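We just call them A, B, C and D in the order they show up, numbering each chain from 1.
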Amino acid sequence: MIATLVIAAFMILAMAGAIYAALVPHTLHCIIGLGLTLFGVAGIYLYLGSPFVAAMQILIYIGGISVAMVFALMLSVSLAKKMKHSEIKVILSSIAAILFLAVMARLIMTTEFPLREEPAGAAAWGVEQIGHGFLTTYSPLFIGLAICLSVAIIAAVLVARREADKS
Amino acid sequence: MSLSAFLLVSLVLFSAGLVAIMSRRNLVTILVGIELMLNAASINFMAFNYYTAVDPVVGQIIVLVIIGLAAAEVAIFLSILMVLYRARHDVDVEEIREIRG
Amino acid sequence: MNPAILAIVVIFTPLVAFATAMLFCMKAHRIAQGLILGGGAVSVVGAFLLLLGGPSETQSIVWLSSGSLELSFGFMFDGLSLSFGAVVALITFLVQVYSIGYMHHDPAKTRYFALLGLFGWAMLGFVYAVDLLQALIFWELVGLASFFLIGFWYEKPSASAAARKAFLLTRIGDTGLLIGILLIINISGMAHIPALLDAETGLTTMVSEGTLTLLVLLIFMGIMGKSAQFPLHTWLPDAMEGPTPVSALLHSATMVAAGVFLFARLHPLFMASETAILVVLCIAIFTALMSATIAMVETDLKKVLAYSSIGQLAFMLAALAAGGLLAGILHLILHAVFKALLFLCAGSYIHHFETNDMREIGRRGGRRMRWTTAGLVIGGASLAGLPPLAGFFSKEEVLASLSHGGYHLIWFLALFAAFLTAYYTFRMVFFIILPDRPLEADATVHDSSPVILGPIIFLTIATVLGGLILGPLAAILLLDVPHHSLLSMLPAILCALAGVFVAWWDFGRSRATRRGFVGAVPVLHRLFSRKWYVDDVYQAVFARFIQLMATVLHRVEVDLLDGGADRLADVTRWTGGWTARLQSGWVQAYIASGVVVVALAGYFLGSR
Amino acid sequence: MGIPILSLILLCPVLATAAVMLVPAGRDQMVRWISVAFSLLALILSAIVWMAYDQTVGGLQFEEIVPWVPAVGITWHMAVDGFGVLLVMLNSLVWFTGVLTMWSLAYRVKEYFAFMTLLVVGVYGVFMTQDLFLLFFFYEIAVVPMYPLILIWGSTRKEYAAMKLMLYLLVGSALLFPALLAIYHVAGLGTFSMVELGRHTFGIEFQKFVYPFVYLGFGVLAGMFPFHGWSPSGHVAAPSAVSMLHAGVLMKLGAFGILVVGIRLLPEGATYWAPLFAVLAACGILYGAFVALRQTDFKFVIGFSSVSHMGIVLLGLNLGVLGVASADAFNGAVFQMFAHGIMTALFFSTVGYIYDKAHTKTISDFGGLGSQMPRAVTIFIIAGLCGAGLPGLASFWAELLVFLAAMKTYPILGAAIVAGLVLTAMYILRVFQQAFFGPRNPKWDGLTDMVGWELLPRAILVAVLILFGFFPNLILGLIDPTTQILMEGF
């Protein structure tokens, strides 16, 4: 019962953060909203039996990505200020999104999912299994990810630096 | 808590991301929208992983990959953003319309 | 020695000489000349050895097999091949010797000699061929050699135009020939000549007479092209643009005779169709008369000889069509000898005076070239059919075979043609030996060099003695020697003498008008000097038609097919231009429309 | 399974492409030597395949089967029958001589040879593979490099020509791809193997429906009238070696595709449509010849002559399907693919040489060129005579066999096509007379004639034409058994 309440709180946190981030005019507030959502999602992961992924979510997403975004914001001063915000665009895109949401929600509610007998326990899919999976069956994925990350970082550095040289 | 509840949460996140992408003029907030959508996808993976998948490792691995890719994406995105900012002193997407036909 | 090996030597030595000269001796004229002459000599010796060996079995190997089709490559050693092969090799060699003198100053003579080698190979290959397709291949190669040799001086536009015309007109005939051969292969499944000619199992037993008529007439189209019969004859006079030895070799003695040879080769097939015989006779006699009339008004020495070749080839075809196999072949061989002689004499004059106009040659003292003039007179007399020269015997046989065959009208017309032949031949002779004004004392006129005179003298002797081959030829062809009474020979002799006399009256005597009796009828004179308007009709009808077709189809290509595709592209581009305006470059609008579309799709697909 | 010789041949251009790309910029000579070395190697291997191919047995040989994507039944299945051996040889010859022809290229050499060898990869793949998916895959590999090759190294309205070519060929592919998928799907065997698919009998209605897609799709590449529009302008715009590969080999891909996919898999559909397509092909033969008569550009003449000559190939294929004339039609068609390939390669190689020297391709600009460039002119004349179907050169036999079949199946049509040979002679002679004969034009006195190595590639092609012109059985012996097997399918 308590678990249900807790997860419901996390879900609401996630949704509220997302909506806040989507609608709030100020860029910094927007990132804060994202941070809230990420935190809520981490809670959901925890409930879904994966403490490791939840930890990663907090470490990388909240600790890394959000912070990087804030830094970027700080580096370019004028970005931090409030941007022009057109109400009509927000309303139109909200209508489109709600349309989408309604259709998808109806789909979700009417679909029969082939559920498993009983949800797997945390023991069956702990960190060990993840590591094993990454190093055996899914090793190409792992390697690919590694390459992608290093390339992205090198590219990011290069892109930013070359322009700096020019200026 | 049932599977549908998680799916609905992820749908809300996704829709919020859509709104952000469609309505904002600031590249940073658009990035936020994208992150929201990625998270929505991750939630779906985890939920299906928990409720239906045969091998529960798959979902987690995919979510980890998504997190990694998101990190890479943000790195690139932000560096481009910095360059763009330096070049144009603006990151308003309404002004960046060079692919216009 | 195995005749097949000998035949390979005879045929392929000129090819080897040709290839070697073309590939390695372009600068070394003397070596090339030596190679080609050596090849020619080997061919002559080989061909005469084959002739002395007498007829023997056909030999062939399978050359090509595709599905049920089998074509062979090999040699025939019957009297026809052996005798004509020897004549071809001999005249080729003589002309090669003659060319040493004639082409002495030409800078490109290696190419010239090499092409003579190519021609020798092709012509000999044709003569000994055992398979219709093999014959066709060498027949085309002969045409190719002719193309290159006519256009040898390719920098002269008239020469290259003449080469092109020769190739195209013979090609038109060859189309018929090829269709005929293809039909024969389709009907009988073979192209092996002895098998096709077989009286019990050959082609004649397989098809109805109507079909056979069609087949042989298609083949005759090829013969018309190659042997320059009306209406495909106009290339031959133009072909005189080539060097004179080439005219002597190809366009009088051997290549044009290939058509007649093919007719003789397939004689039994033609004999099996009455209609075909009549068609051939009509065409032949018309050609003979027409060419003779044109020759009567022509002043170009070589062209007179060219038209006389056309006429004599028509005589051969007429004789063969009337059933006189021996007569046709005899005239083929003897005509080759004396016509080569006439051309070589003409070449000797042209080489010296550098003009083709026989009146001018006469005025400038042509008759002072004594040996050449002797050759010309003897050759001319032979062409006119005066006894006892070679031409008399063969023409006698031709006329006899026409009257034996019962074609009396044709016989009569042929007599008239013979009269005209004697007339224009001696018109030519009198123009040269009896010029219209007295000769100046010009010491520069002298006779040609020994290499030129040698072949002329050899051929003069051959022309005088040519009548003697009648008996041996009949023996090798396994035919009977016909006996004619003196009375039956009389009309021909009288015609020839009449022709000579009228020619003397018009051109020879001191008070002659030198216009000829045709000059009295302007209409005819114009008709003859415009060559019966055949070329003009070609120009006006066929050439224009083909040009028109090409132009129309070119427009179709440019405007309709290609242009249509371009219009389609324009429409696409225009549509693209319009739709591009929707591309505002405003990414968010794209996303929004995407979302709406997905939502709608989800609604409709999900509601099922 | 012994040495996978077919994969080795295919590996040659692949390695050549890779090696050429790895050469440092500016080392053009090295690029050329690499290309020539690999193409020579491929030529030798092709010759070995020809020698080792067992002609008494026929059928597919040198099979290599390695599953690749087993889930949908894609297999690395390489094998050649008699046709394949012949066409692989053709490709090797044209590649080798093409590299030599482009020896003097100086502009962006590295990229040029990389694209060209990539094209060669595709062509080899199509001729060797027995897998429908791979066939399409290689087909596209062969087609796509044409665009940059024409666009960057071309001449004479190159943007237009490149775009037109690409659009035509893509339309062809668009017709083809659904047809191939339909064949895969309807057979329901779960395999793309053409050997397996060939054993399956498709419904007659299905065959009738799908065959035109296959025929048109491949036919566009084969320069099929009236969808040949891309080919003359493409040939004109492309650099010489690309024209060589293009007209010499690439157009054969279309005909080969019709043969192995259309006719082999859908025999009844082919039979149903053959009369129509045969008549179209015959129209193409005459049409190409007529239009060539009016052209003023060397390469346009050759381009339209290609339309005409490829018409003979297509006519042969359709007549073969009708089956009245036993094996001759197929034999003739395949022979013509080879003969025309060599002949056109020779044409473009020589015209390319003249163009490189004189910087013009307009026929009337020349005149009397025979005096200045006797060797180049001689070689062009040999190619031209081959085009005119002169006996003693390879195309004569090919045309003869097709004409034989045409005379047997449709006598009137056959006679018309044979008469069309006169037109061919006319346009060829017109070129000879206007460009090569006539008075010497002092404007071109400075041009140098071919020497040494420039002569080599052309001499090889001439030698091939003459060799098979006199010994047609060398080719017929190779392809006849395969044709016999093909004929059993009807």
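Convention: a residue touches a chain if its C-beta (ideal position, glycine included) is under 8 Å from a C-beta of that chain, and two chains touch if they have at least 3 such contacts.
All figures in this text were calculated on a predicted structure; none of them were measured in a lab.
K.L.:
Pick the pair with more C-beta contacts: C-D or A-B?
P.N.:
Counting C-beta pairs in contact for C-D and A-B gives the edge to A-B.
K.L.:
Could you state the distance in Å from the CA-based centre of chain C to that of chain D?
P.N.:
Each chain's C-alpha centroid was found; their separation is 37 Å.
K.L.:
Return the distance between the CA-based centres of chain A and chain B, expressed in whole Å.
P.N.:
It comes to 6 Å between the two C-alpha centres.
K.L.:
Where the CA atoms of chain A average out and where those of chain D average out, how many Å apart are those spots?
P.N.:
So the centroids are 56 Å from each other.
K.L.:
Suppose each chain is reduced to the average of its Cα coordinates; what separation in Å results between chain B and chain D?
P.N.:
Centre separation, chain B to chain D: 51 Å.
K.L.:
Got the chain A residues that touch at least 2 other chains?
P.N.:
89, 92-93, 96-97, 100, 104
K.L.:
Give me the residue numbers in chain D that touch at least two other chains, ranges are fine.
P.N.:
In chain D, no residue touches two or more other chains.
K.L.:
Touching two or more other chains, which residues of chain C qualify?
P.N.:
Counting only residues that touch two or more other chains, chain C contributes 588, 592, 595.
K.L.:
So how do the chains connect up here, line, ring, star, complete, or something else (other)?
P.N.:
Contact pattern: none of line, ring, star or complete.
K.L.:
Sort out for me which residues of chain A touch chain C in the complex.
P.N.:
89, 92-93, 96-97, 99-100, 102-104, 106-107, 110
K.L.:
In their complex, what parts of chain A are in touch with chain B?
P.N.:
4, 7-8, 11, 14-15, 18-19, 21-23, 27, 30-31, 33-34, 37-38, 41, 44-45, 47-50, 52-53, 56-57, 60-61, 64-65, 68-69, 72-73, 75-76, 78-79, 83-86, 89-90, 92-94, 96-98, 100-101, 104-105, 108-109, 113-116, 119-120, 124-125, 129-130, 132-134, 138, 141, 145, 148-149, 151-153, 155-157, 159-160, 163-164, 167
K.L.:
Flag every residue of chain C that touches chain A in the complex, lowest number first.
P.N.:
Residues of chain C touching chain A: 588, 592, 595-596, 598-600, 602-603, 606.
K.L.:
For the complex, give me every residue of chain C touching chain D.
P.N.:
62-69, 133, 136-138, 140-141, 144, 151, 154-157, 159-161, 163-164, 167-168, 171-172, 175, 178-179, 182-183, 185-186, 546-547, 549-551, 553-554, 557, 561-562, 565, 569
K.L.:
Residue numbers of chain D touching chain C in their complex, please.
P.N.:
Interface residues on the chain D side: 164, 167-168, 226, 228-229, 233, 287, 290-291, 293-295, 325-328, 331-332, 368, 370-371, 385, 390-392, 396-397, 400-401, 403-404, 407-408, 411, 414-415, 418-419, 421-423, 425-426, 429-430, 432-433, 436-440, 472-473, 476-477, 480, 483-484.
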